[in-house]
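Sending over a structure as structure tokens; questions will come in a sec.
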Amino acid sequence: MTFLKILWDNLRKGPSTEAFPFGEATTPAGYRGKVTFDAATCVGCNMCEHVCAAGAIRFAEADDGLHFVIWHNTCVSCGLCAYYCPTKAIKLSNDWHLSHLQQDKYTQLDHGVVAYKRCTSCGDKLLPTGSVLTQLAYKGPNPRAERLMDLCPECRRKASTRGEAI
Amino acid sequence: MTDASTIKDRVMSIARMIRGEFSISENRHGRVTAWITLADKDDLIATCHALKAFDARLSMITALADRNAGFNLLAYHFDIEGSTVTVKVKLVSGASIDSIVPIFRNADWHEREFMEFYDIKCTGRTDNRRLFLDESVDGRVMERLIPLSVISNAASTNMLFERLITDREKQ
Amino acid sequence: MKSFNMPVGPLHVSLEEPMYFRIDVEGEKVAGLEITAGHVHRGIEYLTAKRNIYQNLALIERVCSLCSNSHPEAYCMALETIAGIEVPERAQYLRVFADEIKRVASHMFNVAILAHVVGFESLFMHVMEAREIMQDTKETVFGNRMDLAANIIGGVKYDIDAAQSAYIISQLDRLEPLLLNEIIPVYETNATIQSRTRGIGRITREHCIEYGLMGPVARGAGHGYDVRTAAPYAVYDRMDVEVITYPDGDVWSRAMVRLKEVAASIRLLRQCLRDLPDGATDAGPLPFIPAGEAVTKVEAPRGELVYYVNTDGTDIPARVKWRVPSYMNWDVLHLMMVGEGISDIPLIVNSIDPCISCTER
Amino acid sequence: MNFFSTAAKKSPWLYRINAGSCNGCDVELATTACIPRYDVERLGCQYCGSPKHADIVLITGPLTARVKDRVLRVFDEIPDPKVTVAVGICPISGGVFRESYAIEGPIDRYLPVDVNVPGCPPRPQAIIEGIAMAIEIWAKRT
Amino acid sequence: MIKDTLWTLLAVVVFPGGLFAMALGLALKGVERRAIARLQRRVGPPLVQPFYDLVKLMRKRTLIPDTANRFVFLTVPLIGLAAMGVAAAMIPIPGFYQPSPLLGDLIVLFYLVSVPAVALMLAGSASGSPYGAIGFSREMAIVLAYEGPILLSLVAVALHAGAAMGQPIALNLSDIVNYQQQHGAFLFDPWLLPAFLTYLSFIPANLGIAPFDIPEAEAEVLEGPLVEYSGPPLGLLKLTSAIKSVVVIGLGVALFFPNGPDGIAGLVVFALKCVVMVLAGALLKAAVGRMRIDQAVLFYLKWPELLGVAGLVLVAARL
């Protein structure tokens, strides 16, 4: 009897079916979907690659900079990369539209290049530190530190011995 | 719920009975964590009988290979009303250990498991077939001596990324 | 009487996961049973020794998606014990919250499948629709419907603010009446459910002790062991945990234990939100884990889950080993099935809520 | 598009193969296929109990060594034409289980895959999206 | 004579057997699926879904298992379908269609109705699968269980109608229908109530509606006898079961409540009666779970059997 009442209520309330795929589906803002990468804030610490259980993230050094690749087809969206990223260059969007045809399997990736800077003193290439990290480290702008960051480690050492250190 | 001092006493009484190392600690809820390392693997059966007499339940058997020392360890984890007692036995590679199935029935699958994953034999058992490992996989996969390349048949991350990079360059 | 050998599985629709039985059938009765395991063996213990402690968080969460919070929780607890990390109180509450929300979804899935197995599709859908309320809550709070990714070493990596708290309570307010006024009464009184599940697959309390049975299977036979009260972890010592037992040890009792535990878990969720203290949600970044070993246990939806972790001072653990409740509960299938009809096989298998991916790793 | 493919497009029957998955994708498949909120019967889909009745096969799991032969055999029992959908990252790339001795996948080493639905597990709407892609292929194949 | 034969053939192949019964049967399946969907808060498939399914199946490849008996495996679906085509042509649609006496009487119809069940049993055992074998034994058990009650119910109606028309027993369905057209439906005759209830209880078992859908239980024995079938033969089996629902419901209508207007309106009323019965079936299907085979057999041997006997005794007592 209890169940007949449930059926009657069901009939009365009408279908509870979502409009999707004929309409839009609702997605919570915090849904852990496709990973996004911002090369401008990345400091190349490789922490994301280190914590990624599925091996979805790869850093590779090239002439023009540090290449970051994430392959969505092996990403488990656990969010550890975003959690441990010191500058939050890596984030999880709530985009879940990832279905694709088999021929596109190996193109489901995002790619970013953290471009090398040139040392202002000797012209050697070096990885930019990123303003977010400086903000974190010095709790505010610090012109002397920022000048040092334009130098390669070798020139930095020389600058320090010359007494330009902080 | 539990009178922790009695559990502690019970574990202590077992510890006095056997030869080997022993340590015990108690948490703020009065649950005991005890570690017993048996000096002689033949004491295992007697220890199990003593634990059984104190209403212990076998919760797990862990086998592990010691990377450097070249021997295997078997750790028998018991539960007494929420407290944990671990009995450890050292075994040289390829050695055998007595089955405790006659005392703790649920040891059956655990014993089958460590026999297929490690170079450990178990005596006094009837069913010695493989439990989880497929016949196509070489046994003793958890022994650290076997390198990944020998036993892995899946695609490796490096292979996949090589493919990803070449596909991207083609475009 | 005609007797033959019937294979069930490994790919059988009524089995959510691949498991292979050979069942000796006499007429419509089960005479014997043989289990072949290993179809979902993915070698995860081997993989834990190849990955570092952080990678293992996500790996271990994928042992099984129905108890996916309990695995990393027990694993983190073990590492915290080794390193002597004090987990902040707020994080402890949030761990309990994640634990209970998974228990609700897991138990509801199991009882829904029971209805599906007895061919009661409308009831199955009704329970699953109610479960969707909880799925939506998980998706909103944690970002995924199955794998919460809540635990990290030293705490949790999610937080609940006031708006989310209000949302969760509104969701619980929707689920609770459905459960108490509709779902539980149907399972308690419906003629089909009663006639199909009562007295089927019986075990006794003595069997539970002999076989070392765990969770709702044992509690459905009157054996009231629950890690949350037997060996409290996180902040369960401050929670009003009810240990629900039924005496009969049949399929129906196990289902009722699960349903009543869902109701109890909803009360625990409310309690968590009410008592949630302010403070940090983790114990600081990137802890160092020294060499050591620890055994921890938590109450997963299916019963006691035990973890043993051994570290050697590097960030790759020397050994991670765990035992899930289904590991022992499988063995008792022999006992439950022999003498029962073929129609009851899926019902009995489902009643132990077998988590094959947990068991075989 | 002829009469047959129009009809076929409206009647894609689904079959699920678990190739050693962690349950997540399977639970989500059951949810997607069977509950009113998503109701794939709208699209003419129907879950079938026998592989012989299937048109679209949904595969979950990284393909473990022990289940491989069975999966391949069941796959062959599905009459042509058929469309294969890999659900979750495990069948697509091995996911977190890649590089284990017990894993034979990714699944496209052994079976022709048509559509991939990544996610761990993908939410039901994503699975429906994948099924919709598969239906387009299925209509072309009949 | 030739003309009669031609008309009969037409009745079997086109109307009301064959094509018409197929169309009606499939439409009824569509109505049923839609109704169940609504009871479960779903949108459900379009009403024409069963047609789509059938057309699709006709284009799929047929796989014959190695263990199967090829000849039996492939002919069995045809036998079931043919039997149902003939049976459908034997159901009078009051005011619209009167079956030719060439087609036979109530006894023939009774046997024809059990042909699909026998065909399904053969299909199950020919497929060589253990699930098919279990499906076979279950189908057999349930057929044996409901055969008794249905026979008792038919005999009660035939005796009653015969007595009313001054014959020992009325075996011609048209006569029974005509009598009711003139003297009122048997449904409203309290003496025939037990016989009617017996017939009602037989419908779900014969049509495989819950709680008696045991032989084809998906969760237990995959789909029982259908497990090994694919492509066109599977389509034919599905088609057979669609026509069977028209036959079984139509026979019930003819036996107990045939009254309706003349002409095309009579056909519409007949179809509406079928729809009402199907909706009732849908409600039953949505409201209960599946019984175990022993419970189902016991149920039939107890209640419908008793009711059937009671019905016959009541009718006989009045003679």
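The chains carry the letters A, B, C, D and E, assigned in the order they are written, with residues numbered from 1 in each.
The rule is short, and it goes like this: a residue touches a chain if its C-beta (ideal position, glycine included) is under 8 Å from a C-beta of that chain, and two chains touch if they have at least 3 such contacts.
In UniProt terms the chains read B = NADH:ubiquinone oxidoreductase subunit C; C = Ni,Fe-hydrogenase III large subunit; D = Ni,Fe-hydrogenase III small subunit; E = NADH-quinone oxidoreductase subunit H.
As the structure is a prediction and not an experimental result, all values here were calculated from the model.
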item: Interface with the most contact pairs, given as the two chains involved; value: C-D
item: Whole-Å separation of chain centres (CA-atom averages), subunit B against subunit E; value: 62
item: Rounded Å distance between subunit C and subunit E, as computed from the means of their C-alpha atoms; value: 45
item: Rounded Å distance between subunit A and subunit C, as computed from the means of their C-alpha atoms; value: 33
item: Subunit B-subunit C separation of Cα centroids, rounded to whole Å; value: 23
item: Set of subunit C residues in contact with two or more other chains; value: 13, 38, 41, 43, 46, 50, 58-59, 62, 116, 121-123, 125-126, 129, 139, 144, 147, 190
item: Set of subunit A residues in contact with two or more other chains; value: 3, 7, 10, 15-17, 31, 53-55, 71, 74, 76-78
item: Residues of subunit B engaged with two or more neighbouring chains; value: 132-134, 141, 148, 157, 160
item: Set of all touching chain pairs, with the criterion as stated earlier; value: A-B, A-C, A-D, A-E, B-C, B-D, C-D, C-E, D-E
item: Subunit E contact footprint on subunit D (complex, rising order); value: 3-4, 7-8, 10-11, 13, 36, 39, 41-42, 44, 46, 48-50, 52-53, 55, 77, 79-81, 142
item: Residue ranges of subunit C in contact with subunit B within the complex; value: 37-38, 41, 43, 45-46, 49-50, 209-212, 227, 229-232, 237, 295, 297, 304, 306, 308, 310, 312, 318-319, 321-323, 327-328, 330-331, 360-361
item: Contact set on subunit C toward subunit D in their complex; value: 10-11, 13, 16-18, 38-44, 46-47, 50, 58-59, 62-66, 68, 109, 116, 121, 124-125, 128-129, 132, 135, 139, 144-147, 355, 357
item: Residues of subunit B defined as touching subunit A within the complex; value: 157, 160-161, 163-165, 167-168, 171
item: Subunit E residues within the subunit C interface of the complex; value: 36, 39-42, 130, 133-134, 137, 210-211, 213-214, 217-222, 286-295
